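Some structures are shown below for you to check.
Common to both upcoming complexes is chain A, partnered first by chain B, then by chain C.
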Partner chain A sequence: MATNQAPKTSSPPASPDGPWGFLAQRWELVTLAVLAVAPLVIPALGGALGGQVTNLFIYCILALALNVMVGYTGLVHLGIASFFGIGAYVLAILTVPMYPFQIGFLAAAVIAVLVTAGTGLALGAPTLRLRGDYLAIVTLGFGEVVKVTLRNLEQITGGMKGLNPVPPPGAGVTLAGIDLGKEFAIDPRWFYYLALLSLAGVVLGMRRLENSRLGRALVAVREDELAAQAMGISATRVKLAAFAMSSAVAGLAGCLYAASLSTTADPNAYDFNRSIMVLCAVILGGLGSIPGTLLGVAILVGFDTVLAPWADSWIQQMNVNPKGLSYLSFSGWRLAIFGVALVLVMRYRPEGLIPSRRLAAELHEGGSGS
Partner chain B sequence: MSVQFLLQQCLIGLTNGALIALVALGYTMVYGIIGLINFAHGDLIMLGACLALSLVGALGMTAAGPATTWVGIGGLVLLCGLFCGLLNVAVDRIVYKPLRNAPKLAPLVSAIGVSFIFMNVGLFWLGPADKSFPELLPSTNLLHNDALQFTWKDLLVVLIVGPLMVALSVLVKGTKLGKAMRAVSQDPTAAALVGVDVDRVIAATFFIGGFLGGAASVIYGLYINTIGFQMGFQNGLYAFTAAVLGGIGSIPGAVLGGLVIGLVRALASAYVGERWTGAIVFAILIVILVFRPEGLLGRRVKEKV
Partner chain C sequence: MKENAGPAATPLLHVDRVTVRFGGLVAVSELDLDVPEGSIVSLIGPNGAGKTTAFNCVSGIYTPSSGSVRFRGKRLERAFTPGTILRALAVGLLTGLLFAAAAVDVDRLWMAVVKRGMITGEPFTVSGAMERLRGYFRSELAIDQMAGKWRVVSADGSDVLAIKRDLGEAKLVRDALQAKVTARRTGPGTVPDATDLNQRDDGAAPLVALPPVKEEVLDRLAGGKSRIRWRGWLGLLAGLLLGTAGTLAVWQRGRRSPHVVARAGISRTFQNIRLFSSMSVLENVLVGLDRTIPGGVFSMLLRTPKNRRDEAEARRQAVAALEFVGLSGDANRIAGELPYGDQRRLEIARALATGAKLILLDEPAAGMNPSEAGDLAGLVERIRDRGVTVLLIEHHMNVVMRVSDRIAVLDHGTKIAEGTPAEVRRDEKVIEAYLGGEG
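Right after this comes the complex of A and B.
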């Protein structure tokens, strides 16, 4: 396929008066502006809250990565967390003091993204011929293999302890009299801006992808692989491209995650649960829809960090649960709530909360979806 | 690492494999008939094991004599089988049936949702920590051989799995329902045209798959002796691997696949190390899917347009 190459997702985020694609979407601009000003106005973002919001941005990037596979291309991917993990571990190996490399964050992140993209290609090349539901299982199995490997290769990955300390970005770099590494270590707002910039870049990249030749090919393959092939699209290559892009962006999210925590955390941070929660976010928000995906992540993260603790403490104040029974606490119902949400969304609104128009039409056309 | 050690591992593997096969049948039958990977199947079995544990406690089976114990185990298998079978049918009726004509993603994601709901129920039932399942059977060696162990527990697995497999193959090969099931799995529309009640056949399939899973849950409790609300995921994945290895949709394939996966697990634990077992099994799964996606006994089917 002659490619009108989609912009690299790691491309520098554009300034608001940048390319037309960004201006056309006002909501993104407004949100970006609000988020960019917020840390200057809200002092709490300089504390723990800033870290939480940074985390939210990172999950948004991860969900957008999954959206390329599940949303645009219609391939069920149940192992996105493994690519997240590979990104985090490659970054850590390249930067932690226990290894001789200790290169800068930027270079390490670029290498990590390339490695995850390569891993995605290596997994995708032999498996993309498979039927959709088999691919789901392959990615799931791959996720388990990666988790077990990370846990067991103690000499390389530090086993359950993970790799740490991952130095902050810009460690040892002094710019205009500011020691960047130190600033990153002290003030969470630096990470906030780094994550926000990356997220803005990824959103911009995704927006451009949607309107590119490759993006349209992805959607064509999702809607009808056979018809797409008849139109001269190589389904395998398109799917491979989706796999590589998705893996690369997930790897980028992993880099940010490890750097912001200054550790890779233990391998269980990259298990099936994380994959499935990201998938829930994408499905809930709207498959193939950028605002939907972002909203889905906001809802899920909001549930875990805002709603559940609030409801739990409220129930505690009501004093209905003196014995601490799990079914009388709100967070005890977490899995069931997500489960019911998934079932209901699939039954009544399979296109999600903020649907992509094309997918909504596809899902409601009825008949035999093969 | 003597020959006897190898034999012992094979024995363990085959017994484990019989158990995996029982679970794999539930996956393969449902897949064969409506093309759904039933993610909730492993968690259904977890719920069966919860019920078995509660029943063992409620009936005071730990104090029973040997004869009563065997009758009790038979009763457990029956009750848990019925419970899982009916639950499976109910889930199909409520969740999957409205999605019969939807794109494949919809029932798959719904099944993940159902698995979450089951896990939450199991969490309430068992609590967050693993629970130990009482040892109802003596662990005396039935073979007069010091190096080779074959205990009552192993015998139990064979005694339950064997008849169930025979009954299943008689049902599928010899009865009208079995014929209808095979017809629906080949072509639901054509089956409906010649008068098969497709919905009833699907319900029956879910019931049989669930029943076998329920039986497996009792054996699992008695044989492995530890149950927890998260056991469904891992075991379900092993069983699914077995079903795919044998050729998904094929009943003898699921049995063969289960035995092979059991053997691989036992040998990998013994010779490579327990902690790598999961990775090895899933690596095998990926390799099979890449090189022989139709499995050992499956037929290669072109995806329909």
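Right after this comes the complex of A and C.
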């Protein structure tokens, strides 16, 4: 990872001054290093907390996938969870002992990613001519279609039961005397590292995308489709590429999700709520910004899956809520806090917590600009 | 870059009797215009004369209601090739398979092909799966297991004909019943009779007692074969037609899209500046260079050495284009922050970067003071000297008169005059159109 940074000339001028310049420029490396060392230092990550943080990484991958569509290309996508689900189910079908395929995790993940990318193309091709709200409605509908299909194809997907058990990655593979499957099943840190590694790979890919021909074309289409076309860019092709990439990465997240839970869970796990949650995270963090997206997920999902349960158990320990009243538990206020936080961010920082350089300029155009 | 052809037989751009109507309004009527290679041609006229409409027609934003636009003798359309048909058929086939899967009930198909093989405990083989697939479409009876007992079921699992404790017995019953069903389809005689299968070689008593099965059920099973195939074919056909027709329709609509025109070698700027205002100045030009950068998604993701070289080369070219218009010092500024005149010049740099042979400039000097406009005229001439032909819409008359080789004057959508600057200046119709001549 470290050796493959973009050459200095190609990265836009950050401000490399001062002792913090290095940290600001190479925030990924610093964060990665901290996260990589954390499980060795914090024993709690070997327990339930490790699973929660792994979940957080998976959500980060999903949010980065959505960011390709919503952030870079400016296409409103309300059905990202469906691709997440397709990835999870394809992986499960290819690996569960119930079916005869039972191929390894890696091969299954590759196929699942290809399938989700293909599905994205199939959804994108007929609908790309739609703009704004209309595309949002199509993706919203697609999300529901996928959910209901997963529920109704009972023979294939197991209906509401879902498919399980999804074997852990590396099941049956012994490497240097270590039975990988067993290790994955016992120690959540294996999954922690797998998810972290995948996330790092996705972040690297996104970084390269941003500074590449395709990344510029995506932004150009977002900013002014007609002008982009007048430059010889095929808007259809660019949008299809965005659809495919976004779906593929979401599919990857789905694979990790199913493998880490060792079940696909029921189809309702891939419903509209999840799509919206991820969308909120992307918007909160900053559309089109990688660090922003990651921060958004860390705050929203982290709040929901890590902080809220912890606060609940703490309240219980303090015994302030012996009757179990919902307004005295932290989770009872979860959604309210959510809403208020979103409203505040949209009021005071519409470009998100860590805005992308490009979008900040777009939103403040005419105001502070020129 | 130098391609100064002599007296060109075919002009670079040939606009032939182009008419554009919006509803009842005629924006451009019967416009003829030739732009010879290596020249600067201006299109002038009062506001609302249809100049920008003509531009939009050439650059593929509008499709003319009648007439044609030819660039180097060719129509500016995507060519209809065998590949177009093949692609449409491929999409159609995919849609067809989807429809067929839905029509034959993919859920039960899956159960029959994949799950049933697991239930009977045989190792999964492709040939076995294919056999079960064929069995499904032939509506053959199959063996299933439920609650530890073996069941003889119809292919889709909806009819249960017999329940046996023993797998061998169940198989015999299946074969015997299958023979009965097949006999109903083809008539007796062509298939072994149920009783034949159910007897030992030594002529002893039947191996298993056949369960009582209603005649209607057997009839239904015998008819199931044609029904399921019929549904499958119908689904395939419907999907194929819909998918192919849809793809072709979409192709037809995008046939003259602006990017097709741009790729043919015509680039343009816009009257109301359309930069990618939140990108940097350099990135704007890089978007213009997009098509000259080779490589796909994977070389980008892997950042191969070749990909790096290509990107670096593109950056060099972009910087060169910025130098050409005099913006090299602003490469890293946000495009939207540039002053107005610089934004116009950036648009020109971006358009030039596409490698266009013809560049359409829509009022590049709008809002400039005389000295800036003079600089711009110099820039237009330098563009021409690079071998790029220019078609210009402009209101600054000193710019137009200074740079143009030929001038066409539009008024109310019709061309009222065409000629050298000197000719146009003297033309009475032109004077009338500009100053009003009712009196």
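Heads up, the rule we're going with is that the second predicted complex is superposed on the first by the 297 of 370 C-alpha atoms of A that agree within 3 Å, B and C clash if a C-alpha of one lies under 4 Å from a C-alpha of the other, contacts with A are read in each partner's own complex, and residues count from 1 in each chain.
Quick note on the criterion: a contact is a pair of C-beta atoms (placed from the backbone, for glycine too) under 8 Å apart; a residue touches a chain by one contact, two chains touch by 3 or more.
What you see is a predicted model, and the numbers here were worked out from it, not measured in a lab.
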First (chain B), second (chain C), both or neither touched by A:Leu35: neither
Touched partner set for A:Leu353, first chain B, second chain C, both or neither: neither
Chain B versus chain C as contact partner of A:Leu197, first or second or both or neither: neither
Which superposed partner A:Leu335 touches (first chain B, second chain C, both, neither): first
Which of chain B and chain C A:Leu307 touches, first, second, both or neither: neither
Touched partner set for A:Pro126, first chain B, second chain C, both or neither: both
Chain B versus chain C as contact partner of A:Ala241, first or second or both or neither: second
Touched partner set for A:Leu226, first chain B, second chain C, both or neither: both
Chain B and chain C footprints on chain A, overlapping residues: 126, 152, 226, 362, 369-370
Chain A-facing residues of chain C, complex: 59, 61, 91, 94, 106-108, 110-111, 114-115, 117-118, 124, 246, 250, 254, 257-259, 262-263, 267-268, 270, 274-280, 283, 286-288, 290-291, 293, 295, 297, 300-301, 303, 307-308, 311-312, 314-315, 332, 334, 336-339, 350-351, 354
Complex contacts: residues of chain A adjacent to chain C: 4, 6-7, 9-10, 12-13, 98-101, 122, 125-126, 129, 152-156, 205, 208-209, 211-214, 216-217, 219-220, 223-224, 226-236, 241, 245, 358-362, 365, 369-370
Residues of chain B that touch chain A when the two form their complex: 35, 37, 95, 98-99, 101-110, 112-121, 123-124, 127-128, 233, 237, 240-241, 244, 275-276, 278-279, 282-283, 285-286, 289-290, 293, 303-305
Contact set on chain A toward chain B in their complex: 74, 76, 126-127, 130-134, 136-138, 140-142, 144-145, 148-149, 151-152, 226, 272, 276, 279, 283, 326-327, 332-336, 338-343, 345-347, 350, 362-363, 366-370
